[in-house]
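Each chain carries a letter (A, B, C and D) given by its place in the written order, and its residues are counted from 1.
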Amino acid sequence: MIMRTRWMFNDRKNIVEEMLDGYIAAHSNLIALSNGLVVRASRKPEGRVGLVVANGTGHEPAMIGWVGPGLLDVNVPGPIFSSPGPAQIIAGIKEADRGAGVLLLVSSHAGDIMNATLAREEAVSAGLQVAMAILYDDIASAPSDRAEDRRGGPGLFFVWKIVGALAERGANLAECSEMARRVRDSTRSISGAMGTVVHPVSGQALGNADGTHLAVGMGVHGEPGTVVDDGLLADDVCEMLIDRLVEDAELTAGARVALMVNNSGSLTLMELSILYRGASAALKARGIGVSRSWMGSYATTLDQAGFALAISRLDDELLELYDAPARSGGFWMGEANS
Amino acid sequence: MNGIDTKLLVAMIANTAFRLAASADELSRIDAVAGDGDHGVNVSVAFADASARLAEARPAHPSDVFLIVGRSFSEGGGGSAGALFGAYFAALGKRLALAADPEVGSFAEGLEAGSLRVAGLGRVALGEKTMFDALEPASRAARDAVTAGGNFAVLVGAAAEAAARGAAATAGMVAKAGRARYAESGAVGTQDPGALSVSLMFAAWEEVVMKGTDQ
Amino acid sequence: MIMRTRWMFNDRKNIVEEMLDGYIAAHSNLIALSNGLVVRASRKPEGRVGLVVANGTGHEPAMIGWVGPGLLDVNVPGPIFSSPGPAQIIAGIKEADRGAGVLLLVSSHAGDIMNATLAREEAVSAGLQVAMAILYDDIASAPSDRAEDRRGGPGLFFVWKIVGALAERGANLAECSEMARRVRDSTRSISGAMGTVVHPVSGQALGNADGTHLAVGMGVHGEPGTVVDDGLLADDVCEMLIDRLVEDAELTAGARVALMVNNSGSLTLMELSILYRGASAALKARGIGVSRSWMGSYATTLDQAGFALAISRLDDELLELYDAPARSGGFWMGEANS
Amino acid sequence: MNGIDTKLLVAMIANTAFRLAASADELSRIDAVAGDGDHGVNVSVAFADASARLAEARPAHPSDVFLIVGRSFSEGGGGSAGALFGAYFAALGKRLALAADPEVGSFAEGLEAGSLRVAGLGRVALGEKTMFDALEPASRAARDAVTAGGNFAVLVGAAAEAAARGAAATAGMVAKAGRARYAESGAVGTQDPGALSVSLMFAAWEEVVMKGTDQ
C-alpha cells in the first residue's frame, strides 16, 4: 500500500525514447533498436514468417520485452497508451519480412486495429505479403456472442508464445494466422484493479477505481470496471473470476488449461502468489487441470495496483509449442522446462 | 470563381492548428470522461506538424496540401484519431489529385470520400458517437451547397455549420465505438471528442475563408 | 502514480503460508515446500556444498525466487521483515547438507545475524559442518571504514549468483565462503525511495518518505533515508548515486562492473529503464565498463515505489561464474547468455 | 526458603504473557519510531506460546521452565528479540539445570549468564540503547540481593526495580545497535522497545512473586 506522486523521469517529452534506449541497453545481447523499432539482435533466418506487434507503450514488459527467439520479431512502440501510426507499422513489417510473409498480430483496440489496417493495405499494395490477426481475450469488455468486440488483455501472451514457437519452426503464413486465431479463441482473461493510474505525460488520472475498492473488468488503459463488495477476500475474488472465465470458455471437467496470474503493475508478489493459490484451487474444484502456468508482470498498466487472471485451453500440440524454448528481455523458457 | 486556392488551404490548416492547440486541454478532458484522455494532444500535435510541413513544402496543387496533412497523421503518434484523420485527408487529397485544377465539386466529393473512408475504417454508422457524426453531415452539406451553385466559401460555411450541429448531437448519443463504449454510461452528456475536433476544424476553415471573402 | 489502501489477501495471519503455497505451486517444476522451507524440487548431488539463506519475507522474489540449480539450495522464510528463529534455520541447514558442509549466507541485519549465529552454534555442536558469511552492500548504512556495520541490500544477489555457480561446480566449503566474502567486498548498492510502505499485518507505515519526495539510502525495511532536492531528474539522481558508489568502491577508469537496477516494488519498467540509461551513462563517463547487467525486481520491500543501483566489480573468473546457467522461480540464465 | 518453586515460575511466565499482550501495541509503536514496528507482536506471541507450552508440559524442575520459554523464542518468528530472548532463557535454564534443587544464588547466576549471552550475541555494551541496558542492571541487582541474603521475592523485586530504571535510561541514549541505529536521531527521546519489554517482564514477575509472598 503506497501513496506516490513523484516520478523518476527526465523530460516528459522523451519518456518513451529514453525508456527504449535504457531497456535495449540492458538487453543488448538480445534486442536492438532500429529507427525506433524494437528488433532482434540477430534476425530470424530467411524463409520464416515474421511476427510484428504495434502498440502503445505503458504496458511493459509488453511488448518491448517479447522480442526475441521463439517469440516476436518486431515491436513497433507508439506513445504511451497510443498505437503508432501506419507509417511506422509499415517500417516494422519491412523489417520483419524474411521472404515468407509477415503476420501482424493486433491487440483489439480501436486505434490499434485502424492503424494496422491502414498499414497492411499499404504494404500489400506495395507487394508485400501481410496477414493480420485481431486478438482479444478480455471477457469483461463484451458478451460472448459479440466476442469480436472484446479487447486485448494480458492473455494475448499465450498467442505470442505459441505463434512465436510455430513461426520459429518454419510454419507458413496461413498456418501462423490460423494458430493465432485458434489460441485467441481458447483464451479468456479478466482483471481486477485497486487503484487508478496517472498518465505520465498528460497528468490525467485514468480508470474509476479510487484505491480503496476492487474494480473488476477494468481495461489495460483504465477503461472502467465494476466495483465489487469490499468484504470479498482474495479467495472469493478468485472463485468469482474463475467462475466467469470457465463459464465463458465453456470448459468442463477434464479440460486442461494454462493459467496466467498477471501483475498489472504494483501488486506484491505476495498477493500475486495468494491469487495464484486461489485461482488454481477454483479451477481444480471444477475438475480443470492446470498443466502449465505463468505468474508475474506480463502486461502492465504503468503502476496499476491490480491483476488479471487468464486461462487458455491446452491440447498436446499446444503444450509442445508452449514448452518450446524462447528468450527475450522479459521472458525465457529453457529447453527442458516441464 | 469556383476553383480552389492552394494558399488559402494552407492558411486553413494553419488556423486549424492554432484553434486546436487552444482547445487541446478541453478535448483531452472530454476524452478522459470515457477514453484515455489524449485526444487533444493527438490532434493538436498532428495539425501543428502538418502546418510546419506545409510552410516548408509550399505545395503547388490543392491535393498536395491534404496529402501532406494525411502524412502528418499517419507518420505521427497514431491512436484512433491518427488513423482516421490520416485516412480522411489521404482520401480527400487523392480525389483532388484527379483534377488538374480542382473545383468545388471535386472538393465536395473529396470530403465525401474521406467521410466514407472513416466509416469503413472505423466500421461505424451514424449515431454511434464518433467523428463520423460530424464528418458525414459536413460532406452532405458541402455537396448540397455545390448542387445549389455555391462557391468555396459557401461550401465551407455550410460544412462548418453542419459539423457543429453533428458534433453537438453526439452529446445525446451512447458510444458504440472507440474506447468510450466501455463506459457504463456510454459517456452520455458529453460530446464525442473526435466529433468536436472535426467541428472545430471546419470552424477554423470557415474563419479563414470568410476573411478571404471579406477582403 | 497510485494511491491504494486495499490489499488482496485472505486472513492476515496466513499471508506468508499462503504466499509460499501459491508461489511454489506456480513453480512446482523447480521448487518444493518441505516443513515450511523452500527447497529445490530435485536436490543437489551428494558431495556438493549446500547454500542456505534465512530471512524475513516481504522482499519477493528474494529469497523464495532464488532457490534452484545454479543458485541456492534452501531458503528459510520468516515472518514479514523478520528473521526466522534458530530452530527453523537448523532444519534448513540439515535439509541442505549433502555431505560437503553448508554455507549459511546471512544478509547483515541484527536479527538475521543473531538467529543465524545461534543456529550455526547449535548445528556445529551437533556435528554438522557449517560456515557462515555475513553479507552487506548498502553504502548508505555506514561509512566505508565501518563496512562491517553495513546492511544487506539488493546487491547481495551478485553473491547468490556467483557462489551458487561455484557450489554447483563442486567447490569446497572454504572456497565457497571465501568467494562469498570476495564478491561482497566488491559489491556496493544504494537506494532511492518515493513512498512509504505499510506492513500488511501490523498496519504500521514504515520509512520516512511521504510519496512526494525522493529519499536516498532507505533500507529494505524502510530504515530512514535522506530526502534530496525535488528538482533532481532521473539522470541527476543516477549521476549522484553512481558517484557515491564508484567513490566508495574506489573504482577507477578501466574497471569492469556488473550493474543492477533493482525495482523496490512498484516502480514502472519505464522508469527503471530510464534509470538504467542514466546509471550506465554515469559509469561510462567515468571510464567504467558495464560488462553485464540485470534490471528488474530482485529484492523488493513489498510495493515500495523505489529502486536501488548496485555495482559489483568483475574479473574474468567472476564473469564466467556470472554467466553460468541458473534456474529458479525468479531468475534464469541460459547456457549461451553473452 | 531460598529454593525456587517451579509452579511459581510458570505463573510468572503466564503473567508476563498477559502483561506483554496488554502492552504489545505500545511496544510496536515505539519500535516503529526507528525500527520495523513489530517488537510488541514478536514478544507477546512468543510469551503466549511459552505459557501455553508450560501449561501443557507441567515442568518438574525450574530449569525446564526457562528452557521451554527459550524454545518458544527460538522456534518462533525470530527477529532480533527472538534470538536474544531465546538465548537469554536458554542460558538461564542451563544454569539452573546444574543444580538438583536450585536456590536463589543459581537464579542470580543464571540471570547474569543470560545477560552476558545477550551482550555477546548482540555484540553490545551498556549505553547502546538495547535490551542489555535493562538486563544487565537487573542481573547485577539480583546478585547484590543474594549477597545481602535476600530471598527469591527480594531478588525479583530488586531486579524489577533495576530493569525499570535501566529501561527508562535508554530514552536518553543514541541507538548504536539494531535497526534503530539507522534513524538520524538515533531515536533519542524514545525508550528502546527491547529494554522496555525486559522491564515489563520483571514487573510481571514481581507482581506474581509479591502475591505469592502476601498469601
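We adopt the following convention: contacts are C-beta pairs under 8 Å (C-beta built on N, C-alpha and C of every residue); 3 or more make two chains touch, one makes a residue touch a chain.
Just so it is clear, the structure is predicted and the values come from calculations on it, not from any experiment.
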Distance-maximising chain from chain A - centres being C-alpha averages: D
Between chain D and chain A, distance of the C-alpha-averaged centres to the nearest whole Å: 56
Distance between chain centroids, defined by C-alpha means - chain A, chain C (Å): 29
Centroid spacing, where centroids are CA-atom means, of chain A and chain B in whole angstrom: 33
Interface hub residues of chain C, defined as touching at least two other chains: none
Residues of chain D whose C-beta touches two or more other chains: none
Chain contact graph, described as a line, ring, star, complete graph or other shape: line
All pairs of touching chains, each written as two labels joined by a dash: A-B, A-C, C-D
Touch list for chain A against partner chain B, complex: 56, 78-79, 81-88, 109-111, 114-115, 117-118, 141, 151, 199, 201-202, 204, 206, 219, 221-224, 226
Chain B to chain A touching residues, read off their complex: 28, 32, 34, 36-38, 41-42, 71, 73-84, 86-87, 121-122, 177-179, 182-184
Contacting residues of chain A [partner chain C, same complex]: 1-11, 15, 18-23, 25-26, 29, 57-58, 60-61, 65, 192, 194-198, 200, 210-214, 230, 233-235, 237, 261, 265-278, 280, 293-295, 297, 300, 302-305, 307, 327, 332, 334, 337-338
